[in-house]
Every structure is written in C-alpha cells, then in structure tokens.
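Note that the chains take the letters A, B, C and D in the order they are written out, and that residue 1 is the start of every chain.
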Amino acid sequence: MKLAAVVGLAALAALAAAPLVLEPYPLTLLLQFFAYGLALLGLNLLFGYTGLLSFGQALFVALGAYSAAVCTRKLGWHSFELVLGVAVVTAVVVAVPVGLLCVRYVSIFFGMLTLAFGMLFHSFLFKFYTVTGGDGGMLVERPSLLGMRFSEMDKTTFLTRPFYWYALGLLAVGTVVMWRLVHSPFGVHLSAIRENPRKAEYLGVEVRRLRLIAFVIAGVYAAVGGTLLGIRTGLADPELAYWTHSGNLIFMTVLGGFSSFAGPLVGAAVFIFLQDSLMSVTQYWRLVMGMVLVVIVVLFPRGLVGLAQALRARVIGWRRDARAD
Amino acid sequence: MPALIETRDVSKRYGSFNALSGVTLAIAADEFVSIVGHNGAGKTTLVNVLTGLLRPTSGTVTFKGMDVAGVGPVRLARLGMARAFQLVHIFPGLTVRQTLAVAVVSQTGKAFHFLTSLARDAQVQERVEAVARLFGFEQLDLEARSLSQGAKKLLDVASAFALRPEVILLDEPTSGVSTGDKHQIMRVLVDAAKSFGVKAIIQIEHDMDLVSEYSDRVIALHQGQVLADRPPAAFFGDAELVATVVGKRRVRD
Amino acid sequence: MTSFLDILLGGVFHAAVLFLVAAGLQLVFGVQKIINLACGSFYALGAYTGISAVTWALAHGLPRGLFLFALIGAGLGLAVIGPPVEALLRTVYRRDEAFQLLLTFALVLIIEDILRMIWGANPQELGNLYMDYGTVGKGALTVPTYNLLVIAAALLVAIGLGLFLKRTRFGRLLRATAEDRETSATLGIEVGRVYTVVFTLGTVLGTLGGALVVPTAAASLDMSVDLVVEAFAVVVIGGLGSIRGAVVGALTVGLMRAFAVSFVPEMEMLSIYLVVIAVLIFRPAGLFGKAAA
Amino acid sequence: MPTTRRTVLKAMAGVGLAAATRPLASYGASGGQTLKIGILAPRSGVAGTVGECGLRAALWAKDRANASGGILGRPVELVVEEETNPKDTIQRLNKLVLQDKVDCVQGIVSSGVSLAMGPAAEDMKALTLFWDGTTQDGTEESMPHARYVFKSTDNECEAVMASLLAIKYWRGKFATVAGVNPDYTYGRNNWAAFQALLKRFGVEHKVVAELWPKVGGLDLSSHVAALKAAKPDLVFSSMLFADLPIFMKQAHAAGLFETTKFAFPAAGWQHTALKNDFTPEGMIFGHNTLYFAYPNASPLQKEFVKHYWDAYKDYPNWEAERAFFAFAAYKSAVEKAGKAKGGAFPDKEAIIDTLEGIEVESLGGKARFRKDHVADQIFYQGFTVHDPRYDFAILGNVEVRSAEKLQKPSGVTFKDWIANGKIEI
C-alpha cells in the first residue's frame, strides 16, 4: 500500500503542476486522459475485478456527454455540479435495468448483450433526429465550476486551467474511491465472483446483486468521464456510442494491464498519446494501433504494468542474487 | 431436541430415472453423520437437495424449521449451512487470507461495506487468522493456485468452516489425500467443528475406516432409498447390509 | 399483390447476403467458441479482391459471362489468409475470451487500413456486369437472375454446411471437438489441425460471400465495421453456433428490414436491435443455440 | 476511378505506399518563414473518397502558389490531419492551432464535425474556412455571427437547385412524389427543402413514399421494392455515398426507371461510379460547384482537370473546388491585406476583414465570401446524357446558377426565405 500511495501522490503532483509547465496542447490530451481514466476505472471494476467483459461501455460515456448537452444547451443549467448530478442519475437509471438483464450472463453472452445495448443507444441517437439532433449531435456549452463562469477566459485557457484542475480532482477522487472499493469487503466479494462464481455462492456471496452494483458503478464512472469529453469537445454525437469506441476502451484497459489497479490508467495515457502522435505521422495509424494490440494480447497479456512488475521482480531477483554470491 | 435438518418423503426424478425416492431423515445437533452407498445411489443428489441447490420433485426440506427447498446456496450460507465439494473449489487468484475473508465477510454481513478497508478490519482479520491457525496455514498471503493439492482441499473445507455454520456438509473431504493424512484431516475437522460451534457435520464418505471411527451415525443409501440409518457399530455388525452397500471387497484405496 | 412479392424477394435477397456474412462467424464460434469481430473485414476483403480479380480476368480475355468464376476464384483464393490468422489466434486459445475477442478487433483495425492501402479510399464496383445474366419474371415483378444466384448460393452454403457437419466423417469430428475440446483431444482428434481447417473454412465463407455479393452492390471502406453489427444480430437471433439458427436469423433480419422499410420506415434499424435484445432476454441461447449462460 | 484502368499493382504504386512513406505532417517547400495551412479531411470510412479529392486539390493549389513565389513571398506548407468523429477532430484542431501554430485551418466535410468545430475555432480565434459541412439547423444554432469561421454554401443549395429544375421542366408531368434520402441531417434538410419549394410554387403533389436508407448502406433492394410498390412519378434523392451507385443499379435492374423521373441533387460525388449501362438519360444530376466536363469551363478548371487525370487517372468532384476556393480566397485575402500595408505580412484581423466580401477566380468560376462569412459559388446541374467519351453519365444541357439565388440571404431564416423570399425558377 505504501508504494502505491507514494506513486499516486507523485503522479497527482506532477499532473497538477503540468498547466504551469506544459504547452496548452499536451494539456488538452491530458484532459482526454482524465475522462478516459475515469471511464476505465469503472470498466476495470467490471472486467479486471469482477470478470465481466462489457463490450458496450461506450453507451454510458455517450450518456454522460448527452447529459452535459441537454443540461447546458436545452435546459440552460450551466453549473457543472448539476451536470455531474444529472449524468450520474441518468447513468444509474439506465444501468439498473440494462444491468439486470445483462448480469444473468457471463463471458461472451455478457459481451454481446452489452454490445447490442450500445448499438441500440447509438441508433436511437442517430435515428430520433428531432430529439437528439441525429448525426449532427447536440452542442455542449461551457459550464460554471463551483459557480464561477470564468467568462473572461477563452475556451482553451478555461479547458487547460480551471476545468483541467477540476477534472484532475474528479479523477483523483474517482481513483481513491475505486481504490477503497476494490480493497473493501465488497471488493473481495467481487474478486471471488471473478475467480469462481459457484464457490462464491456457497460462501454466501450474492453474485447477481454484486455484479449489478459493479455494473452500475462502472456506468456512473463512464458517464462522469463522458461529461468531461462532452465539455472538452463542445458537442455530444452518436459516434461516442458506436461499438468500436467500446472496443477502444477495452484496448486501453488491456494495453495498461487489467489485472492491476493502475493498469487501465496507464493504458489510457499511453493509448491517447500514442494515437495522437501516430495520427500526425501516418495516415495508416489504425494499422499500427492494430499491430500494437496484437503484440500486447499475444506477448504481454498482463499489459504494460504487468510487464513493468515482471521486470521489477526480475531486477530485485538479480540484486538479491548479486548480494547472495 | 428439534431436528436441525429434516426431509419428509423427498424424491427427485430426472425424466424416468428417480435419483431419490421417499427419503425421510432428521439430523439433530451434535451428530456426525456419514452417508454411504454406491456411486449413483443418490448421495450427491441428496446433498444437493439439502444444500438448496436442487429443488426436490416432491417432499419438503426444512432447515431450522424453515422450508429451504431449492432456495439456493447463497441464502442457506447466510442461514448457517456450509458445503465443501468433492472436486476442489477454490479461488485460484486469491490468497489464503482473501479466500477465508470472503466467508467471514458474508457471515459478518459486511458484503456492502464499500469504503472500509478489509485489511484493517480487525474483526474480519482476527476470525480469518483463527481459522487459518486451526487448519495449519502459516503463510496467509500465498495465492491458492500455488498450494499443494492437499492444501487446496484443506482451504476449500476451511473456507466453509469460516462461515461459522451450524451445519456443514462435506463431500468426501479426504478424497485425493494420502491415507496417512486422512486421519489427521478428520481430527482437524472435528476440532474445528467443536471450536467454531458447528452443531452437525454431514459427510459423504467411501472410506469405511473413517466412517466407523469418526461418525456417530451412518445413513446407507441404495438406489435412491434409505437402506439403513443406524450407529456405526450396528451398521458394521450387519455383514449382509455392508455387502450390499459397499459391495464384496472392502474399499482399500 | 406483386408489391408484396417484390418486398418479400427483396427481404430474401437481403437475408441471403446476411447469411453469407454470418455463416463464417457461426461456424467458427460453434467449434472454437471464438467470436470473430473480423468476419466483416474478411467479407470486405473478399469483395475488394473479387472486383480486382474480375477486372484483371476481363482485361486478360476472360469472356464477360464467366466473371462469376473469377469471383469464386478470388473468394476461394483468400483461404490462404485462414491458417496464418488462426495461428495468431492459437496463441490465446487457453486464455480468457476477452483476448480472443480483442485479437479479432485488432484484425479489424489492421484490415481496414490494408484495404485502403491497396484499393484507396474510393468505393469500388463492377458496374452493371451482373445484369449480363438478365432478369427473371415480367412486368412489375422482374428480378435480376444474379440475385437469385446469390440466394441459391446462400442456400447451397447452408445445406452444404449442414450436410458436411452431419454426414461427413470430418464434420462429425468437428462437432465432437465443438462439444468438448479436452475429451476429443484425448480421443486422438488432432484438435490443432481441426481448428485450422475450421477457421479457414469460416474465413472462406466470408470472403466467398463478399465476392459473390459485390456485383450487386459495391465495396467501400466502412463495410467491415458496419457488417459486424448485422452479422451479430443474425447470429444472436438464430442462436450461437447453430447453422440452422443462422439461416432463421438471417431470414428474420432480412424480412423484418424489408417490411419495415415499406411500412414503418422510421423503425428500420431500430427494430433489429429490439429483436436482438428481446431474444437475448427471453431465449438467451437464441432460437436454436445451446443454452450456455 | 473507373476500375478497368486501375489494377491492384498500380494502386499499390500510386496512392498507397507513396503516401505512407512521405511524412504526412507537412507537404511543403522549405526555406523562408513558411506559411502553415492546416488541412482537416476525412481519409477513411464513408467520406474517405471525398476527403481525398479535396486534399488533392489543396495540394495542387499549394504547389501552384509555391511555384509563383508562395504567398507574399512566403512558401506555403500544408499540415494535414484526419477528420474522423467530432471528439477526435477537435483534438486534431487543437494540435494544428496550439502545437503546429498554423496560420489558417481549412477543411471539414461532415456536418456533425463542423457543428463542433465552429464554436471551438471561434473560441480559439483560429481562422477557419470550411469546405463543406454546415447544415441549416447547425448554422443558426452554433455560429449565429461568426468572426473567425467562414462557412461553405448552405448544404441545401443543391436541393434547392434540383427542386427548381424539377419544377421548371417537369411541372404538370408528375403528381405523386417519393423521397429516398440518407438517414441523417443532410438527407432530412434536403428532403424538407424540396417539399417546401413544391408548396411555394403551388405544385400539386402527393407524397407516396418517404424512405430513409442507412448512410452508406450496401443493400437497397428493399427500398427499391418499396418504391416500386408506391409507383411514384418523381423520386427525389440526396444520396451521395457508395449507396448511390448501388441504388441506381438495383433500381435499374427492377425496371424502376422506365416510368419514374429522378432528381439526384448530390450525384456529383459519385459521378464516375454512375455507369451509363444502369444510369438512364434525362435524370437531374447535381455536380454543384464543379462540373469537370463543363464545355466552356475556365482555363483554370481545364488545367486542374487535366492535372487530376494525369496524376490520379480520375475526374474530380465538387469537393476539389471547395478546397481550391478556400485556399485561393485565403491567398488573395493575405495578398490584398499585405498590399494595403505596404507589403508587410498582415495580421489575422486584417486578413479576415479582407476575406469578408472577397471574390476570387476559383475552379468553378467566380466565387466569393459574403459579409456574413457564407460562401457564394456557382452551381452546375443538368440532365444526364450518355457520351461516348465517358463510360459514366455526364450532363447534357447544363444550368448554371450562382448560390445567391439558391441560398437564404444573411439575416433571414431558411424557412422564411423559402416561404416568401425572392426565388425565380
């Protein structure tokens, strides 16, 4: 626990200082990292800790973005706290019924059912043009943070200063809460479900109910991430709910390593910065990303964090042998 | 003394094959019951019915007076009935400590403690260490998958005991363990039962030495029916009964 | 009355197209329990290669009427990509389904760019070549013969696969491996070889389907991502792993879309997902699949 | 694009590998303080072909400018990024403006992306010239009075012109009408414009079918069957992706063309795919701001079309003209503003003031930006004919109209303009 806390605080300090040091552009990338970090913390509670592969998590990211759009644009509520509240409530209201249906199944069936729900939401957004704006999507206006409008700032400064720190705060809180969750009694029951659901039942673990709670928590985390994305882009559009977006969320999680707590956060950061630099270098960036995914899946199933841990263990091993000789 | 578990005229049919027919039993506190019989005599089906996994085709099953027919293992675990399997069931990726903690968390009703730290929960850790000590586990932070086959079996049973159940059903607890250790395990089970206040142990067992030495009641099943229900001495005294239940040669393994 | 028949035929044709996309996905899942997200990409590869093959063949003297054989040649020729892809998948057979799913997702990304590298961004198509086979019927109810050919091809594949799995020795071998991989391995069935053949067969079903259908349509870059969703709908409704299920699933989706377009245009795509969700809730294994919750 | 001439091997040598090896980031002459223009164009998916056409025109315009000493003596460099979905394209815009510090951003095809880009560019004070994108609902909402963003002609121009042609030549020859429009904002706006114009000019009509095929769908046999059942006299369709040639093929096979008239306001994007053997004569086709085979086209257009054929063995569509116009307008504005300041390089505000109302010679002829930042170019539509020189349908008698007569003047909403604005047939 000690090392994790130190690493966590160091990262937090570095990220907090970034706006004073870095150019605005990398800060906009970090903003995307905060949004995806939250979404992946939720996804990994489901995937890494409870053993359920959701292939429709983008549904909740889109839900968050559209909540931000409806609040700021249609209802004129500009307080970000209100937007977050609406996004969380919407996520729960959608996640409970969808979850009730999905948690009865596991592995491939759970994945396909969540994919079907994701695509249902995508075609609803696309289809009911008069309500949702169809493929044009819905604009998201700039919110006020803790009541402050910062109207004297242009949007880039707003995004890379106050909104940046607010989003970093959300990610920090989200990370601490998730850390407590997975290390709580509730967390060990989730891990038991992942390892052996039948045996867990015999030890009194309410498998379906806990899977549903994990599904709802994952949905809420993804929706909060979605509001950050919506405000950063200034628009919520149906592509956010497309199945390939869910695929990318899983790509990031496995890239970082789904069997460790920090894996998804590392995966999100690496994915965002890697894709950004690739897109400027070659028009065939999808090919390169596809190959990176193949290498990770085949050679480093425990992801980058798993790789780092293995290297660290080996280094410690060498040092111990060296001392022993 | 009121019966802990009671079945009245329970039968279970799979299509035309009736695995159990007309089984009426009552198991009270302080009994160590062994269920014996050929493979296919209905032993496992009976345990599945008793543990709420299977709903009987007809008849009633009550636990502490409550009808528990087919109610499912989760509720029964909460009511105080635990079960360990013939095939080892463990959580490969969890440590010994975590495995036992899963049972203790259920039993102490802390499953919905979202934000408290499990590691720093004194009550839970204390109970975990007590069970571990009793079952002879020194290193609690080893992953279950890295344990020996015997240790895995022991952990499986230990996690059932960690539920502090009133009744525990064991499906051949010593199978796959060398004959030398069998008695050692049985002694651990009996001590654990005593110290955790387990009221009754029901076990499916093929090894007649263990049946005669430890159980104080033998229920013999044959083609889904209760052939005999008597103390070990009376059971082993009746050669003809032993022959039909156990078959000609004595079980050596 | 003819309009009803017309819509019905449109629906059956769409069902045939869907079946050719879904059959490969179904076979591979049935035996290897792998969901191949790249089934749409193989289909697209078949379409693009089919067009280039026909163009090349016609330029080298193949009579116009025989373009069908150039298509079939292209579709079958792509069987060559089956074994290497299966070898890649083999590295993750023992691991969590997520890894197999992700590996096929990586293939989707890779193949999309390969298509663009070789054939560029413009949609490719074969003009009216398929009309060389004329039309059938008269008056309002005229249908291109080629469409009937596609329907026949889909039927042929459906029946052929059904018989192959039931009647032939290798087919029974496949079903045994599908039932239980471990025991069939112990029985001496060379599971590795079976998987290579099955995956290659699944690939060819996709590429052949893509090549056969492309004359009536076109090959464009976004088809590999779009087709996956419809193929999923077909497989889920019909039931995972069952060829008969894929036929029924394809017919359900094809006819529903055809009639939705004519009577409830707004609900065209949405109706498919609602059926998928309904099936997954009430009959999770699909109409013909084996329950595997 | 005619496939007979493009074999697999040639494609590998031509577009594919060459583009991959040369760093995409910057095509451009080096030396001197380079003038950087950021280009955002789709390279893959449904609109990939259109984005590529626009990019080719921008490259040509850049090379022509650099050949004559760049802009105000500064060599021009294009920094090309890919337009995908709104979320990622805003990220590319940020990179161009904040990291590459480009002097001007040009591009964008999809309406959804342009809706997000407008406010973002305004906020970042990034001079942006759209190629395409803006739809009716979007423009009013997101950019009521843009300062840094210059928008393309309204998306409905092509629908307005096609409707006017249909009324002018076919009034009285059709009673029942059907719509087969792509199921997204663009398709819905065009279909609404067509019906509004029929009402405006009192054309009696009954809508017998209103179909919304999925954008880029590959099987339209059900839609063709529905149309045959409805037996419309006139079909209005603003389909413009790979689904258009498929629809034509399947409609032709079903004998739909014998009795029904067709108007395709956006056929220009797929012109080389609409082969003669399934595209009858006498249909209204919209080539919009660039008709490559226009008999009395300007020398500039002729030079470009020749270059386009030599380089890519293909014929350009109107996206090339949109890209060229954006580049030419910017170049001319910089030069005019520079001259006014005695040759020193003008600042952004001066360039914008000059851009407002600027008129340049573009590929499709005279084109200008109105004071309200909306483009005003010349549109070409006409009736299809079969011409031995091409295996695809081109236009017989070509009507030429400036966008002024096809789009709402500034300060008037689209609905008001259609209902009571000055519109001549």
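By definition in this document, a residue touches a chain if its C-beta (ideal position, glycine included) is under 8 Å from a C-beta of that chain, and two chains touch if they have at least 3 such contacts.
Here the structure is a predicted model, which means the values were calculated and not measured.
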If a chain touches subunit B and subunit D alike, it appears here: A
Chain pair, A-B or C-D, that carries the greater number of C-beta contacts: C-D
Centroid-based (C-alpha) most distant chain relative to subunit B: D
Centre-to-centre distance between subunit B and subunit A (centres being mean Cα positions), rounded to whole Å: 43
Distance between the centres, which are taken as Cα means, of subunit D and subunit A, whole angstrom: 37
Subunit A and subunit C: spacing of chain centres that average the CA atoms, whole Å: 33
Junction residues of subunit A - those touching two or more other chains: 127, 284, 286
For subunit C, residues that touch 2 or more chains besides their own: 112-113, 116-117, 266, 269
Touching chain combinations (by label order): A-B, A-C, A-D, C-D
Touching residues on subunit D, where the partner in the complex is subunit C: 1, 3-4, 6-8, 11-12, 14-17, 20, 43-46, 48-49, 51-52, 183, 210-214, 216, 218-219, 221-226, 228-229, 241-242, 245-246, 249-250, 252-255, 270, 273, 275, 277-278, 314, 391
Subunit A residues within the subunit C interface of the complex: 47, 53, 55, 101, 104-109, 111-113, 115-117, 119-120, 123-124, 127, 243-244, 247, 250-251, 254, 258, 284, 286-287, 289-291, 293-294, 297-298, 301
Contact set on subunit C toward subunit A in their complex: 33, 35, 37, 88, 91-92, 95-99, 101-103, 105-110, 112-114, 116-117, 225, 228-229, 232-233, 236, 240, 266, 269-270, 273-274, 276-277, 280-281, 284, 292-293
Subunit D - residues contacting subunit A, complex: 19-20, 23-25, 43-44, 81-82, 85-88, 90-92, 94-95, 98-99, 110-112, 115-116, 119-120, 123-125, 135, 137-138, 141-142, 183-185, 188, 215
Of all residues in subunit C, those that touch subunit D in their complex: 3, 6-7, 9-11, 13-14, 17, 51-52, 55-56, 58-59, 112-113, 116-128, 131, 135, 140, 142-144, 147, 216-218, 220-223, 226-227, 257-258, 261-262, 265-266, 268-269
